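Same chain, two partners: subunit A is paired with subunit B first, then with subunit C.
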Partner chain A sequence: MSALTFTLKIRPNQRVDMSPLVCQHLHECEPTEIAAMPLRCGKQTVRVDELFSISGTDSADIIIKNSFDKLDFIGKDLAFGSITVEGDAGAYLGLSMTAGNIIVDGNTGLYAGAEMKKGYLEINGNTGDFLGGALPGNKMGMKGGLILVKGNAGDRVGDHLRRGMILIEGNTGDYCGSRMIAGTIAVMGTTGRHVGYAMRRGTLLLWNTPYISASFNDCGTHTLAFLPIMFKAFASLNSRFAEPATAFNRVQRYAGDMAEMGRGEILVKH
Partner chain B sequence: MIINGVSIDATFAEAFPMKATRAIITAQNEKWAFIAAQAMTGFATSVIACGCEAGIERCLSPAETPDGRPGVAVLIFAMGGKGLAKQLETRAGQCVLTSPTSALFAGIESDIKIPLGKNLRYFGDGFQIAKVIDQTSLNPNLAKSSSTTKRYWRIPVMDGEFLTEATTGQVEAIGGGNFLVLATSQPQALAACEAAIEAMRKVPNVIMPFPGGVVRSGSKVGSKYKALNASTNDAFCPTLKGMTHTDLSADIESVMEIVIDGLTKTDIDLAMRVGIEAVCALGEQHGIKRISAGNYGGKLGPFHFHLQEIMA
Partner chain C sequence: MLTKLTGGTIYDPAKGIAGQQHDIYIQDGRIVNPPTADQLIDKEYNLQGKVVMSGAIDMHTHIGGGKGNIARMLMPEDHRADPVARTHICRSGCGHAMPSTFVTGYRYAEMGYTSCFEPAILPINARQAHMEMADIPIVDKGGYVMLGSDDYLLRMLTAKKDQQAINDYVAWTIQAAKAIGVKVVNPGGINAFKFNQRKLDLDEQNNHYGVTPREILHVLATAVKAIGVSHPLHVHGCNLGVPGNMHTTLDTIQGIAGLPMHLTHIQFHSYGTEGDFKFSSGAAQIAEAINKNKNITIDVGQVLFGQTVTASGDNMRQHANHKHANPNKWVTMDIECDAGCGVVPFKYKDQNFVNALQWAIGLETFLLVDDPWRIFLTTDHPNGAPFTSYPHLIRLLMDRSFRNDMLATLHPEAQKMTTLASIEREYSLNEIAIMTRAGAAKLIGLKDRGGLSAGNWADITVYTEHSNRELMFTKPDYVFKDGTLVVLDGKVVGTPWGTTHTIKPNYDASVEKELNNYFDRYLTMKLGNFKISDDELTEDGRGRITVQPLAGDLT
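Let's turn to the complex of A and B:
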């Protein structure tokens, strides 16, 4: 059974809501039913086959070809299976997904992995603001699973992060780990200003020393036993995080944000 | 049956069902992992009064441990799940948490989970940190099961951080497998038992919980005193040969017992076979006369280990 492939025929001027095209919605659907499914495109509703040519039948393995940055909500609420995006993705990629995996070749927009509960999200390019964050007004961001970004991320990475891991091989913007409730964010590149702003608990693991706010207190250098276990768990990833040379267990520990609960930590490779 | 001049009695060892768990203790080096493991498995020879039976299963190389440090695997057996959980928690808290550089991990998978560091975390007084590592997210090809998501607790302590897994598995097990070594002198009985224990320690999934693996005060079920449910096994006490219904011939001067707890009947079978073989290798010329077993007429438990079948 070949992967169910949606190849974009035309690039509409308006943004497209791709949320109907997830594995659990397409499960046991006939090809004609899938072709006739309605998609929101700006103010209009269009049929799937007006935008995409469709091939393949395996609805647990979806491929979106020729994707571009106006395809929003790809993999929203994904409950099983895998979605591969060839090209860029729009905003809200993998929003609230509960299982499965999404792999994007290119870049993604805002709110990738926002409020995701479980599963695996891999972005091979760059991503926008609020990666793994909470939607505006909501108090909890990502609650589980793993996000891997091989490029750079925007501002507010892991805003209100509750649980799970965000791994970034590149750089992040400002307010990385802002308002974190718990969980782990690891950044190999550089971070912007106000790292860990108002974080309550959780771990920011950084390869490069950031500008540390006055509301974080230096706890000294330490050898932490959980780090080798965490790096060992990354071994199966297709990432620089999986390389044995990447692992370390010696860190400078900063506790904060003391302006909030103050049980969080910024660990900087020492 | 006679092996190398040693008579194997046509009897069986009686054993009973238990609940068991395995924990892995690691430390900066093997010496300190072993110290923590010894402390954790101390005063755990018999459920009669210790609450559990525990022992060191084997030492683990850095490649075999979760954190890549030298480690020791310990097995703990108790009569019920509740008792096992209590013993595990108190021993982990008082003996491993306190031991310098130690870390504590689950050593066995099971659907039934019992707390390992789950409640020890409160020692952190609010400064403890949980880390959840979800292997299904890291590797989507993994089958989803409870064992693929692991929760660790980082508890701040004076030497750094005590790292412990939140829970470990509880499995069905068997306690009380045994055999008796009957010899013409006490030194010869002890030498034979030492040889047996050395061989049996190489068998996985079993422990010999008594001091050095050997017990000299084997017991029978019941007592003339109502308060006691176990008392000396007078039939095998050499000094009572003339005054009780003895099981000993005139030439036997010392009897020692090896008790085995194991995760399965097969594990105990193998340990008994290996141990008895080691004893028989010394043979009659070293004063070993007979191998027998603690047979209590079916009063003790449903698992029967027939010596001659094991050695066949």
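Let's turn to the complex of A and C:
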């Protein structure tokens, strides 16, 4: 069976809600049924085949070709299988996904991996604000799984993060790890202002020393045995995080945010 | 245009009609006497076998005012889960616990409701509440103005001003806020919270003013009666939700000394302290007291299971309850010198002992109070449950086996603590019509509403008889609002605008002199801006004002 492939024929002016096109919805659907499924596009409803040409049959392996930055909600609530996006993705990529893999070639918009429960999300380009965050008003962001970003991320990475890992090879914007409840964020590049703002627990692992706010306490340098073990867990990833030379175990530790619970930590490579 | 509704089975308790068949004629928005033989019928609906009642009236539902908007901001996930798309006549919005204004109107109409009354309009926020209710289509609106914790009244009581001065102040406030009644919430307690008191019993003094809730209730109930407000003082009592508060409630009933008083969401005020968990039902004693004291009316504030959000002026009790917030986020705030408010999301669970017993206490109250003219069907929307659960509640009241089946699934300890299973009463259609129509219209003092005799406004709901009362009351066949067909087969087909019901009690104009000084000294707006003019409600061309007669004028 070949991968179920959606090739975008035209770039609509309005944003498209792609949430129906996930593996578990298309499972056991005839090709004609998939073609006739309704998609929201702005305030119109259009058929899938008005926007996409469809080929292949394996609904557990979905490929979206010619994708661009107005295709929102790709892989929303994904429960199994894999989705590969060739091109850019819009906002809410992998929102609340519970399992499976999503891989994006290009860049993505806001709220990628927001409130995801489990699974693997790989973004090869840059991503917008609130990566792995919580939807407005909600109390918990990502609750599990792994997000890998090879480019840069926007502001508020891991806002309200509850569990899981966010690995970023590039830089992040401001408020990285804001309001974190728990979980891990690792950033190889630079971070913006207010790192770990109001974090309760959890770990920020940084390669470059950020501007540390006054509500974090310097705890000195430490050799931490868990770091090599954690790096070893990244070995299977297609990423610089997997390279043996990347690993280290000596860090400067800052505890905070003392304006909150204060049981979080920022670890900076020493 | 003359419309004829033919052959329906009529339930019109206002005229003592319970299940007789006769025709109804509608002309120019009102129900009229049968026309002479030569008059042409323009439109006829065949209602053979259908149940016909007047449009339902919700006499206590939080649909307007600042706390609703706080609840909306606090619960975005609730809205995201229930989006409502626009149609060619309806606007888009969102629903569930605190629906958007337009969806509130549509969903009330779709259940056969044609009037709704917001029970907690803060005088200082009254303009916003009316503007918000002006966006609720189809249904008539109205509100009770909230007094009792306002600095001005407490100062008057401290200064031992005479009753006449208080009467003038109350009447002036009703007119200024365009209200139809007066509500008091945790009398004096909202204010006491600001002076660091975390509870206030009926005879406990406010730290700052030295005034007790009992005094506040007495002067306000006296004022409401004296100035001719039909709706008795609407009381949300002390100690809401506190185990053992049934004694406070019984004390409140005795203490009012025969003055008319409406005790609202009494379920939350009927708790004892017996049993292993020190939480028990006081419904039997409360119901007995209500059966005995004819001056008391109540609405229940039934709890039904599921997610909702509680929005109340009672910042003292909401602050105490914030630890139960689910999801864990809450707001308590001060509102100028007037009052306060608290918004706490709640998820009532059938496997939680307290929640399950609250459910049973509400139903016990419904079933043990004998006189349906003095008890009203509410969930204290959205505090006990969203108003959209009314049909389910009606089925619980009308169907004993369904009620007992539900009871059997609840927390086992809660089942042991309630007498519900042994209560045989089932509400009849006529009793439901009294509770939700004729009784409510009478309680609020609505002229020409809540009845189906000639002269009444043609607010009419038509149901198909069904043994499953929940299905029956969820989806009326037809709903008419002032003679216009607004709902067909449970779907909105017309969106006229309702009126705003008010009263205009008299007061001595000199009351403004002292108030003017007070406004200049303490409040954020001038007295002239505080008063809402008729034009503000009507100038957009869709709002109307109906001034209801005062109690003495009703015949």
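Keep in mind that, in the parts below, the second predicted complex is superposed on the first by the 270 of 270 C-alpha atoms of A that agree within 3 Å, B and C clash if a C-alpha of one lies under 4 Å from a C-alpha of the other, contacts with A are read in each partner's own complex, and residues count from 1 in each chain.
We take it that a residue touches a chain if its C-beta (ideal position, glycine included) is under 8 Å from a C-beta of that chain, and two chains touch if they have at least 3 such contacts.
In this text, all values refer to a predicted model and were calculated from it rather than measured experimentally.
Undergrad: Once subunit A from each complex is brought into register, does subunit C clash with subunit B or fit beside it?
TA: Superposition check on subunit A shows subunit B and subunit C fit without a clash.
Undergrad: In the superposed arrangement, does A:15 touch subunit B (first), subunit C (second), both or neither?
TA: Neither partner.
Undergrad: Just checking: does A:201 make contact with subunit B only, subunit C only, both, or neither of them? Give me first, second, both or neither.
TA: So A:201 only meets subunit B here.
Undergrad: For A:269, is the partner it touches subunit B (first), subunit C (second), both, or none of the two (neither)?
TA: neither
Undergrad: Now for A:65: first (subunit B), second (subunit C), both, or neither, which partner does it touch?
TA: A:65: touches no partner chain.
Undergrad: Regarding the shared-chain residue A:135, is it in contact with subunit B (first), subunit C (second), both, or neither?
TA: After superposition on chain A, A:135 lies in contact with subunit C alone.
Undergrad: Based on the superposed arrangement, let me know which partner A:117 touches: subunit B (first), subunit C (second), both, or neither?
TA: neither
Undergrad: When the two complexes are placed on top of each other via chain A, what is the minimal CA separation of subunit B and subunit C in Å?
TA: 22
Undergrad: Which parts of subunit A are in contact with subunit B and also with subunit C?
TA: none
Undergrad: Could you list, by residue number, the parts of subunit A that touch subunit B in their complex?
TA: 82, 100-101, 118-120, 144-146, 163-165, 182, 184, 201, 203, 222-226, 228-230, 232-234, 236-237, 263, 265
Undergrad: State the interface residues of subunit B toward subunit A in the complex, per the touch definition above.
TA: Residues in contact with subunit A: 66-68, 103, 126-127, 129-140, 152, 154, 160-161, 163.
Undergrad: Within their complex, state which residues of subunit C touch subunit A.
TA: Going by the criterion above, the answer is residues 73-77, 80, 327-329.
Undergrad: Contact residues on subunit A for subunit C in the complex?
TA: Within the complex, subunit A touches subunit C at residues 135-139.
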